[in-house]
Amino acid sequence: MDTRGFVTCITIVAESIVETRLLEGLSASGARGWTITPARGSGPKHQGMSEIEGGSIRVEVLASASVADRIWQLLREDYFTNYSIAAWEYPVQVDRAERYCDPAPPR
Amino acid sequence: MDTRGFVTCITIVAESIVETRLLEGLSASGARGWTITPARGSGPKHQGMSEIEGGSIRVEVLASASVADRIWQLLREDYFTNYSIAAWEYPVQVDRAERYCDPAPPR
Amino acid sequence: MDTRGFVTCITIVAESIVETRLLEGLSASGARGWTITPARGSGPKHQGMSEIEGGSIRVEVLASASVADRIWQLLREDYFTNYSIAAWEYPVQVDRAERYCDPAPPR
Amino acid sequence: MSWDLVATNIASVPVLAFLLGVLAAGLKADLRLPDAVYQATSMYLLLAIGLKGGVALRESSLTEVAGPVAATLVLGVIVPVLAFVILRVLTRLGPVDRGALAAHYGSTSLVTFTAALVFLEASNISYEGYVATLLTILEIPGILVGLLLAGRAMSGGNKRGWSEALREVLLGRSVLLLAGGLVIGYLAGPNGYASVEPFFGGLFTGVLALFLLEMGVLAGRRLGALREAGWGLPVFAIAFPILAGTLGIIGGLVAGMSTGGAMVLGVLTASASYIAAPAAVRLALPEANPGISLTASLGITFPFNLVIGIPLYLLIAEWLAGIL
Amino acid sequence: MSWDLVATNIASVPVLAFLLGVLAAGLKADLRLPDAVYQATSMYLLLAIGLKGGVALRESSLTEVAGPVAATLVLGVIVPVLAFVILRVLTRLGPVDRGALAAHYGSTSLVTFTAALVFLEASNISYEGYVATLLTILEIPGILVGLLLAGRAMSGGNKRGWSEALREVLLGRSVLLLAGGLVIGYLAGPNGYASVEPFFGGLFTGVLALFLLEMGVLAGRRLGALREAGWGLPVFAIAFPILAGTLGIIGGLVAGMSTGGAMVLGVLTASASYIAAPAAVRLALPEANPGISLTASLGITFPFNLVIGIPLYLLIAEWLAGIL
Amino acid sequence: MSWDLVATNIASVPVLAFLLGVLAAGLKADLRLPDAVYQATSMYLLLAIGLKGGVALRESSLTEVAGPVAATLVLGVIVPVLAFVILRVLTRLGPVDRGALAAHYGSTSLVTFTAALVFLEASNISYEGYVATLLTILEIPGILVGLLLAGRAMSGGNKRGWSEALREVLLGRSVLLLAGGLVIGYLAGPNGYASVEPFFGGLFTGVLALFLLEMGVLAGRRLGALREAGWGLPVFAIAFPILAGTLGIIGGLVAGMSTGGAMVLGVLTASASYIAAPAAVRLALPEANPGISLTASLGITFPFNLVIGIPLYLLIAEWLAGIL
């Protein structure tokens, strides 16, 4: 069974303090999974908070294009203004595409 | 000498217990290198094993398209059914492309 | 305000000993930020140094195409010959594109 | 049963730290040790147990040790077979999952063993110095027997996974550090040990307390997954340790061990592995659901043994020592 | 003021390790502990303080403790309000940033408290065993009052952030480990504590020294960010602790504490949080600039208290104890 | 040579732990400490050595220390030059790789030094308290001389790499923690040290054992890479330490040190750096193959010194002390 297909991969780098809130938001936006790696970094707005509270996290989410749009919406509304965030997306090819895109209704 | 070229980047997120076996499989599929970062995550099938045995690993492999296909084959045959795995691929541009794609015969 | 746009994401895997020097080089090439994750790996030239000096780092830089070219230049001139390095680039879509590409003159 | 013993056991700092961890897990609060520290702490405990046991081993004669070693090997085969059979009665699990559980219960838990020693020392009850040897021995056969039981049921069989699992058990941290520690302690002797005693001996109970805090969080999270299981599994996870523990105590007494020593052997057979076994099972039996074994061994049996089992096995040992 | 006391304080290994860290930060050298070890060390300190305090609490009667607890609660409200008001005079900061600072200064610093105990013990000055209870109590109200003060100023209000911040404060590591340690120490008592004393007691000052090395690096880096601030903030970060510390000392003496105990309460009110408060503030007041609060609390107040404040508050306490 | 001394040395827990690590590497088993714990442990050892040395330094007069310091500086120049020249005879390596090796052998190994102190203490042989000062001093010049020797051979020269390497050596962890510890110990004195002694003193040998377990794994892996090298390198890696160690012992005796002290200086000159030097060399001499230096210093010289060298240098020192 070849179930190859394209999905969107969004990578989000955020202060680790917002982890719980962000993951709930991803889930509510319809994401069915994510992968987190520890990170640190520097950016144009860096506020030096992360150095004390356990650095940053780098979250990768594979999702359908519409879920990805909802995630961008979430970031714009709740995160970009006040938190140190970087995010980017690109298309990737996967196997078992239904795992990432099941039409599970957004919770 | 400009040796730019395109290769495939496959990212594999797996339970860390399978690391040794997976890396041997990558090597046997013809991969000439990989980069591993520590990871944790959540997915549709998550079985909560990783929390005890040192989390997950996130493996990136740059390889030629044919090696990439062999790696997908490997994942389908040996991993997707029984292990917690996510994997995706996308094309990337590199310098010194021969480093990643040398026609070294698969071991 | 929709400021979506495309930028280049370069990923560089390097021995952690060169971190300070590399980040200064990125900055001098015009990069306005980066994200670092801890890494380890294997490659065709692996020299076994990293195992003692704290492994490798995996650096992601979002930047404009011209800054990306300057970074490739830097890698070719100062790193490829003598250090263990892998690097690749691909285009990604971002929000607030000006954050990553401001025409800040290279320092 | 004497609630005094239970109370004494519960009022120890390590057990209270464990309960704090369980509470934190219930509150979804983050009290876990960083992973690197958790790994290092478990290496410390393994090496410390091994070293101390090795020093003690010098004082034991071969004849003295032979009986208990033989008893341990026999128990290492009987206990997983019993678990495999009893699970068929109590649950609807297939042979693969029952084999996985048998591997966990056939092997043993370092931390439960350690807590038992701390308990005996606090109660001024003596035990044979070579018990750490029995711990090391019991690590292995139970896992192999469990895998074999499950393997009979499997069609093709995954040769690769089996050899990896064997490697994982024989050359995993648990066995290497315990066995290595035993040899080092034996060779270094009391004089050599004296110089590292403040580290490996003096700190031991305190480090155990910190480790149990973490184990409490892990156990508490597993406990949360319990609702999904039926009745059979929890019943097994409490009743089987009592049965296996009693067998262990009998084995120890028959092999000529003291009451304290037989109780420790009972703790070894009663406790279930949640480190070595899960890794080996995951490699050799990927079809088994790791959640089932971990919920039983880490979520139920481990807290039960730690809080109630340890004093209970002492009572059983004292009672049986009077009879036999 | 007696420079002898300052000299004694500075010549202690923990304070010197702190200064080494500050120096290393100035040289841009990397002396930070790995993050995992930093986390584990702070868990150790919290638990150790809690345990010791819990054992001591058994020896205190409820009537003895009631007064100081009440004083601490009152101070937990007064101090942040004072900070909020005084900052309006000294700086041009808006209400959100002032509320954030008030939350930091209303709460307290574990490490400063700990260094004060080490200082008192080195000087053979006694203090009440239940001071760790006061530390635990003071962690919380100051943060909440600070958040409320800032919140009044905010338009919409971020319900989500508030409940998260509350959770972060109440169920964060600091409170859980301190309160958990207190309960464990209380239940285990001197006998139970004895077995873990080599770890939680004996190593305490040494571990504190290692931790202060790291804190020195963090403080030193913050100090570097100072140039960007105006004059008001540094003045506040030194003058306010003296004021709040004096209030704390008065509160302690009025509540019937000994000179040493009142000095410790003074250290608690004088010190500013740089762990629990920043996290809560970041969740509830994301508009606040975290750099401002951290520069003040970690870059100025913390080193000031550690080096000069601790002996100063003892002098003030001795002086006020003579008057009151 | 007296095999008794070798046996005593080998039968110590730290050396046995090292051998366990080598064995584990041979079995490809994973006994490495997590990276964060490895880093923290090495920081602990550096600081502990510094502190103890600083306290001891108070008891030494300047005149007493001046001679050995001068001898150490001279040895810091002679040893790498000798290594550079001898390598031309023994191997076909180019000047860059020979300079890299000279930098490693000109500098010194903290852990070998530490194991020597533990050995002397177990053998009740006294040594001068200021030897930690000599360790700190010898860290630096050897590396610089080695880099200079290689640099002469290089065409353009990498200014950037040189200044980074200099920074890495002067402001690296090794020098800062050793020197910082010396100053802290000196200022705090015996009284200040007493409060941190259970941590920095009592645990020392035990922590060293854990660290050597890890070093054993690292050395064992390097040993595996040996097959690729020719004969010259292994011969150098064993013969040169004996030569350099003898020079160091002579230097120490001539400078008026005791037998034990001269032996320690011999251990310093005999041992090769595998932490500070590799980092500096990698930055300043990227053309050098890091595998060569590490295989020699970590894979051969380190185990040789640890197991055989330490008792050997004591014998040489006793013999030369009788002659000179």
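As written, the chains take the letters A, B, C, D, E and F, and residue 1 is the first residue of each chain.
We adopt the following convention: a residue touches a chain if its C-beta (ideal position, glycine included) is under 8 Å from a C-beta of that chain, and two chains touch if they have at least 3 such contacts.
Owing to the predicted nature of the structure, the values given are computational and were not obtained by experimental measurement.
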So subunit E and subunit F: same face meeting same face, with over half the numbers shared, or different? different
Which chain has its C-alpha centre farthest away from the C-alpha centre of subunit E? B
Give me the C-alpha superposition rotation for subunit D onto subunit F, in degrees, nearest 5. 120
Farthest CA centroid from subunit C: chain D
Rounded to the nearest whole Å, what is the centre-to-centre distance of subunit B and subunit D, using the mean of the C-alpha atoms as each centre? 36
Could you put a whole-Å number on the gap between the CA centroids of subunit B and subunit C? 21
Any idea how many Å lie between the Cα centroids of subunit D and subunit E? 41
In subunit A, residues with contacts to at least two other chains: 37-38, 90
Give the residues of subunit E touching no fewer than two other chains, as numbers and ranges. 34-37, 39, 198, 202-203
Touching pairs - complete list by chain label: A-B, A-C, A-E, B-C, B-D, C-F, D-E, D-F, E-F
For a test of understanding, state which residues of subunit F touch subunit C in their complex under the given definition. 35, 39, 160, 164, 218, 221, 225, 274-275, 278-279, 282-283, 286-287, 289-291, 294, 298
Counting only contacts in the complex, subunit E reaches subunit F at residues 11-14, 16-17, 20, 23-24, 27-31, 33-37, 118, 122, 198, 202-203, 205-207, 209-210, 213
Note which residues of subunit D are touching subunit F in the complex, please. 34-37, 39-40, 43-44, 47, 51, 171-173, 176-177, 180, 183-185, 187-189, 192-193, 195-200, 202-203
Sort out for me which residues of subunit B touch subunit C in the complex. 7, 9, 23, 32-38, 62, 90-96, 99, 102
Per the touch rule above, subunit B residues touching subunit A in the complex are 11, 13, 37-46, 56, 58, 72, 75-76, 80, 86-90
